[in-house]
């Protein structure tokens, strides 16, 4: 049907136009794939595109056979990155505890691949409030703040009151019992008493980075 | 059966012994009772006991026909109170927002009836952190701190890191959406990253006051 | 204690600094307040500050005695607004259905008060996909897109794939049965298969607007 | 008791009558069974009936000792199939992502065993909408459409608006965090804003195929 | 942009094509609308289209000012119906209890508007199994069976074993306590031990009817 | 304190009196214990009491070193049983599917240890209703009926309508997806439309047997 | 079809046989019915049957026009009762608090209608344990014990350890906050550490009475 | 910025002041750390501070390489403890069942490290009430009572009625099925009918001990 074909070609074109402008990377979700599958998808992407190429939730086994730089904490393989500064602005990533670090590093690795400056400030949870307070002057300079917290998910509320930035809250599955695999943090962040907080999926450092990148791009 | 009778008499005696010592008040839960029912229960308690007599969740209609002092915010009728200081120590009650005040006032009214000193510091939620920080020097003098908070329930975690006191957290049904009638605050408080926090039922200012009184009595 | 006083004064100062820069409005949450309470808080804010003054979740009764412009759909009273353009950029607000409109209008009213340009495009839900597709060219020009949707919460995922903007998803309590007062939409939006989506509280048009404003300010 | 016996014989007869007409296959649920158990049940069914014989959730170990054709992706062993076309019509099976493929292949294998034509179109999730749009002309020819999707479960709503077919939605446990093992997709699909969608159990490719077969049979 | 325009025009055309073929009615969801709003939307639809026009969840007040036939049990107003038989086949609608009747009648009214034959057999719940057994011979003649049940939601499983038809299960909010407003029935129906059952939203007689109509149309 | 001592001695006496009369067995919950721990507890119980001695949730490893008869399906070790008939009456145990058999066998083993007659009729789920109907005449003779079912938990409702016996429903964790580890069956059984059903914990064949034994004893 | 007719007639006969033997009353669920509907159903049942006739969840308005004895606490109308003792044995009904009394009285009214002896012992909750202990000697004489409790649902566990009877636990919606309308009590009762407890639906005094009657009948 | 620096130094000072006074130990959460990580953190803490040093959730592998005393039941390594009596008062720790012992021992180990007297009384659950009653005279002497219970979580309610002490309830993940990993106990404890109970996180013996220590310190 001619009309439909027009529709579909139209959209393919639209999609390419958007890709070029937003610079969203080609991302491979490593979980559940064999090392060979990861390696072959990455090789194809490197050959067929000029985009940044990133693997998330990557295992050491996948990293061993895949070209790129592996971060064993953030579980990312960056197989091709843009130059830092390709996207203007910078993202301040903070964590409530040290166990939240893998999620923060996933966000950091994603931004690295995209070519956007980032910094990670770990372990400034609200139980020792002076740590968050000390960090404020440094964090203020960023274009957005990714706040990674499990358990009670209280840190985004506190930082939203101290910083004028868009706060991207990432609940983590850190904690036990009533933390219910991140549900407590997720609900607390959604119900935050502080305006300016928006929330992404549990443990999704990648999702937070993508929202941050779009913020930078939209300016 | 003689033996069983001995058992039962023994426990009745034990119970009276405990009552005398702990000074738990005679409490009438007003919700769902008619004004006449409340008035007649209170009259009987005033006549039959020497204990403090308190009505919680009381309506103005109940208060109109019941002897005592009515707090329309905390919804308590204090029909007989002990003298302040009858129980040593004092309780610092704080709230995250102004909407949490009824629950805080229920705790305050309960402590008033028991004869224990209390103070209420409202509206020091974490979105404006300077308010909590300003309150710290005053709060430190108490024997326990009741922290009343809805929405994200973040305030107890913050105060547990600033105060050496036992923190009695009261989640409230304040908030909408993902606050889920207090569930978000309850889970966040249970999963608090700060040690020293214990939690009572949603909206239970009364329960928090009773735990605080037992803390004072146990010393 | 001298040191503590320094701490507290320091933070008060920091807070004022931030306020001035971010331009967050003085907001009165109307729900549960009497008309007189709303009117008197608004009068005081108009007298004491130069900030925009906004009432959300306002009833007609509150609006009748409170100075300002009332939007009965969005339930906002704008008692003092900044000039449009005071904050650069613009926000595209869309809804999946007509029942989502009050939440969208709350976001719009908040942005109006802040002085940030906005547009509302209602009823472009995914069951009639051509409506979303038609809207894309218009929406692309904004600095952020607020997507308001109840029931299955599918629209943010679709728009995130069509637009390069940061997507601020607002689940609504629209729908019945398994929509569970917005829980279905909330979970679907959190679990979105499309990167770039961040989520605020159920029915929180205000929260979405504040995140959008911070995005604009952070640029 | 004579009467009861009549009842029971009556029902046995009714059941056989229905079996013959609907052609529901003899299905062995492989999960939790030893390879030997599977093999011996299958052998008995092949010997005792003339129906199609199918194993679902089969492991490679079970497949190694059981007669039939094994699909390691869909985890089905087809030990005896009807000829394609034995049941008129055809079923279009689509998936939102590549991780949903095992569930789609389980549906496909079930239909193969029953003798009903099917096609699988993977990876047309709503984040890249042009893929669903491109598939529409092909899908329209089917008698029913099985839509397999995890995470936000948005694809059935979108396809219900594009296709006049009965949509059989299968939520999958694909996704993490707020996807909550398929709960997010299940609720979103139940609350779908698009009419014509009905939902089967999480990951139940088999259940979707059975509903599709009954649709074909009922015509 | 020329290409985008082509896309959008294409889709508008596609949509009209589908509408004409599937005969989905113009439906007004009455809940939350004023009588005047309902009346004016209906008048416009009657004037602008030739489609069937239906109001669901309609109140007596809405019915009083809206043209059409009102069913106070099913809460539908049929303002324009197709002739019965316009869509071939028939739908057997059954309920577990008498309290499920409004949902069944909503399905019936929807099918009436569409011009598809239907019958309603109420109160054949599994606690008195002879009632379902007696109904089987009548139900067998239909092209699909809509099973409306609250509480334990057991009836669809039973009927799926007795009838070769596609079973469209509608959980209802009938019941109290652990029925949890239809959640118990919904989960039970999803987890049904009988193949061939697909489920629509709680209390959604309309949704069930639309799936049934698509089944008939797809043949 | 003399009085308290009297209380406590009194209760110890009461407890022994009850034990003697009800014949509740000494039960060892095997899960999480080492084989040696199980063996040594059992040996002590055999030496110190004359009661039946039973291990539930026992592993083959525990059985290998513990005196008694092991049922690998029901995971019970009966180390000392009363003579059948020690408790009058009999219990009819039925299951919906073959996967529910371990739970049924746990109930059977418990009753064997107690000396109460029992029979197990597996696999009479409602999807093939003739199986339940055929079983009715046999089941009617019992003093109570334990109904073990996972997935939709529909069988107890059906049997409660066919049998005059007290129905003890045991939800099982059999099923996947929306069965949610037995939650769907549990809620459905609680919300059963048939009077006379009472429910015990998920997978608790033991709990069901104890309730059945008390029924027999209470007569 | 002749065979089917035989089946159905057979079952109708079976059902009547059971009815006659178990003496289950004709029960009208009053909730949601008009006074006239209740009155006319009751009149018909009185005319057409010789069974006990009972209305549950009855309003005063329904009682005003319906023949029978109304209990405004238990919300039952007994329009025709059997003579006490028609069913042998007796049921001890206890409640944890005074607010649980309506549910207990519903159970009592049901047993009154059936002709089975019952007693109600209210307000023996575990917070004042001597009350339960005092009640034990009286309760022991019954054939079953119905334990009605909201909030923490702890009383059934305690009584199961003190009494050799089958314990029928009824969770109630009494309590607030984390009681979650009876869910806390329901889960606690299901997970009871004491053997012999079986649970019926939240607030279902009627369901508990029916299980108790079947216990008596089965002896 | 000078002012901010003042703020931060102020808070650092405040924090140290509090630490010194409350004596909160340096705690290492062992779960998820390698033995080497634990050993090196502990060594640093021993070298750098004079505080008690404690590892919780420690594995035997961690204990093998870390200086200190390992409790394999409570999974604590005490690497440096204060002298018992360093904190006045004592804590009575009780458990409902033997499976709750690890959580009780975690609380005990924490108090040992802090230098506060404690006793553990296991296995006094409410199913055998005489055990709790026998323990009362001993427990009364403590300054607080930690009650560790899984399954139905009934023990805190019972003990709150027998003891005048602050009750710190710890729900545990002990139990199966409807215990839902501690959720049943958590909700029951929150909804407790007995005043004076406050609740900490599931399985958090450490959290309970910290609340108890603060109670002692606050006196």
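Letters A, B, C, D, E, F, G and H name the chains as they come in the text, with residue numbers starting at 1 for each one.
The rule is short, and it goes like this: a contact is a pair of C-beta atoms (placed from the backbone, for glycine too) under 8 Å apart; a residue touches a chain by one contact, two chains touch by 3 or more.
Every value quoted in this text rests on a predicted model; they were computed, and no experiment measured them.
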Between subunit B and subunit E, how many steps is the shortest route if every step has to go to a touching chain? 2
Please work out which of B-H and D-F is bridged by more C-beta pairs in contact, and write that pair. B-H
Counterpart interface for A-C, drawn from D-F, C-D or B-H and sharing over half of its contact pairs: B-H
Let me spell it out: compute each chain's centre from its C-alpha atoms, then which one is farthest from subunit H's centre? E
Can you name the chain that lies farthest from subunit D, using the mean of each chain's Cα atoms as its centre? B
Taking each chain's centre as the mean of its CA atoms, how far is subunit B from subunit D in angstrom? 56
The distance between the C-alpha centres of subunit B and subunit C, rounded to whole Å, is 36
Cα centroid separation between subunit D and subunit H, in whole Å? 51
Subunit A and subunit B: spacing of chain centres that average the CA atoms, whole Å: 43
Would you please write down the residue numbers of subunit E that are in contact with two or more other chains? 4, 7, 11, 14, 128-129, 136, 162, 177-179, 186, 190-192, 195, 201-202
Show me the residue ranges of subunit H that touch subunit A in the complex, using the header's touch definition. 1, 4, 7-8, 11-12, 14-15, 32, 171, 173, 182, 186, 201-204
Provide the residue numbers of subunit A that touch subunit H in the complex, in ascending order. 99, 128-130, 133-134, 136-137, 176-179
Within their complex, state which residues of subunit H touch subunit B. 14, 18, 21-22, 24, 27, 89, 136, 142-144, 162-168, 186, 190-192, 195-202, 206-208, 210-211, 213-215, 217-219
Once bound in the complex, which stretches of subunit F touch subunit E? 96-97, 125-129, 151-154, 157-158, 160-162, 175, 177-180, 183-195
